[in-house]
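What follows is a short report on a single structure.
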């Protein structure tokens, strides 16, 4: 249970510090990052699926955790998430497996929050 | 127009040679690769969206071309493809832009085949 | 000493959960991963050397740890492991060095288990 | 000599097509990309040095070519460019060497344009 | 405060063990790594800027921490560091953001040591 | 047949230009690269196997071609090369497949030179 709260707390704390730094390039990247995942030609679910699987093949644990949280909110089932991560592991190779383990653990925790 | 045919011809020729080599590990990877994109908990469209965007952030031109062809068959509109590739470019950074150029060119060619 | 046990315990626990999830794509990847490192045209030692060095250039700490354990079982000497990791660091660049540090630590721990 | 013109012509043609597509996310990334390299807390030369070396370690030939052109305009000497690319090759490893070859060729061509 | 000392202590301890191992390839890489960042055609500041941003786009937290320490010694201001990291995040994409958070935290800690 | 000669000719021409540039860091990397693959604690065959598979998972076509040539000289059979590349494709994922196609083509050409 602590896994999800710890992740959110650190992310939140550091995002605040980054915002305070007031660097123009970074602010615009963060702003674009927020807007890009809203409904457009593609649904929010499709965009979160992209966010999750791209994060997994690029092997970024924190990005995977963030998008798993968003996928939960968007209503994905456990079977759909497992399948999406299976396809991503096939694309990215067995090198993705350690990240898959941590993603499974985080997804399970999200179900208990 | 030649872009699509050239890509398909080389891919086909080399896949045949790889199949002839009859290596067990490679055969099983190819077999799994074929099956993974069929309808399951996720639709074919969702899986092709994963294939396209993961290929783009991993900056594999040939993989992008292959999945663009499959996305065309699956019925994605040009607006949807552009948006999916926009999200992938945001995730993968400006380093993805040269691959985005080639993807735009290939997608346009697919419309003329 | 705890380093090796902790790694094995978490890996084992999460592999069980992943197996329970019973996703077809993931199961086939895990199955292929197990079979690929058995004796074939190449010896087990050659395959573990591939596993270790590819994991190092791809900078996957957990994959490196796993293959270091397998290399120990396969009978590699410390001098051979250091040399293999030296070649991998040359290929992958100084960006590999932090992973090399953790690999040295894990290999030493393996000698005390 | 044709190397530089070919690169610029294709880049220009495809950037126009991407602009016509009028996708909001892509337009904002391109816009930010243009602004990010202007004078700020860091000089244009410092930013182009970042652009060149990050492109090289990420092994993006087209990005390297683009920033070599910008580095030429910004007044870098050949010795400085070689040294910067040397440091980048050390960081990224011998896997960068094929890209270094193409970068040397393009830099030489830039001197004849 | 402990963040900086912990990083330095582990780095130091493991570098000693790696030196003791006396592997010729590794020793030459470490030696070259030390020499490459000294004054040459480019200033030490320019080289540290390369080191920092290449480490960030390659998403190596330990390499980022090391070069942040060197950038501090070399006299970079906080505004310059933020801008450099902003450009690197644009190049490497939003996948870099979790590493940016940890870099911001480490840079702040460096100011308190 | 032209594939092998073209590759060698360009590589040779550009290596000469890079040598003429006389940059100290680059010269030392090239020198170390030459020495690292000679007989040591590991055999030349083991080192070339590392070079080939690491190049493949890092998806560097030119590096793969170079090491395929060296593997040919070192006496590897076609079955061994296919198996090594199969393991590398499993590690690196289906994203490696386009590079595998080009590697198969180059290995075949090497048999006709």
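For this structure, a couple of remarks:
Chains: A, B, C, D, E and F, in written order; residue numbering restarts at 1 for each.
We take it that a residue touches a chain if its C-beta (ideal position, glycine included) is under 8 Å from a C-beta of that chain, and two chains touch if they have at least 3 such contacts.
What you are looking at is a predicted structure, and each value in this text was computed from that prediction instead of being measured.
Listed by label, the chains that touch chain A and also chain B are C, D, E, F. Chains making contact with chain B as well as with chain D: A, C, E, F. Of all chains, the one whose Cα centroid sits at the greatest distance from that of chain C is D. Distance from chain F peaks, on a Cα-centroid basis, for A. As for how the two copies chain D and chain F face one another, under half of their interface residue numbers coincide. The distance from the centre of chain E to the centre of chain F, each centre being the mean of the chain's C-alpha atoms, comes to 30 Å. Chain D and chain E have centres, each the mean of its CA atoms, that are 23 Å apart. Each of residues 24-25, 29, 32-33, 36, 40, 54-55, 57-58, 63, 79, 82-83, 86-87, 89-92, 94-95 in chain D touches at least two other chains. Within the complex, the chain B residues that touch chain A are 32-33, 36-37, 40-42, 46-47, 49-51, 53-55, 57-58, 63, 77, 79-80, 82-84, 86-88, 90-92. By the touch criterion stated above, chain E contacts chain C in their complex at residues 10-11, 14-15, 17-18, 21, 23-26, 29-30, 33, 54-55, 58, 60-63.
Note for the complex: chain C touches chain D at residues 57, 89-96. Against chain A, the residues of chain D that register as touching in their complex are 24-25, 28-29, 32, 35-36, 40. Put simply, chain A touches chain C in their complex at residues 59, 78-79, 82-83, 85-87, 89-90, 94-95, 97-98, 100-102, 104-105, 108.
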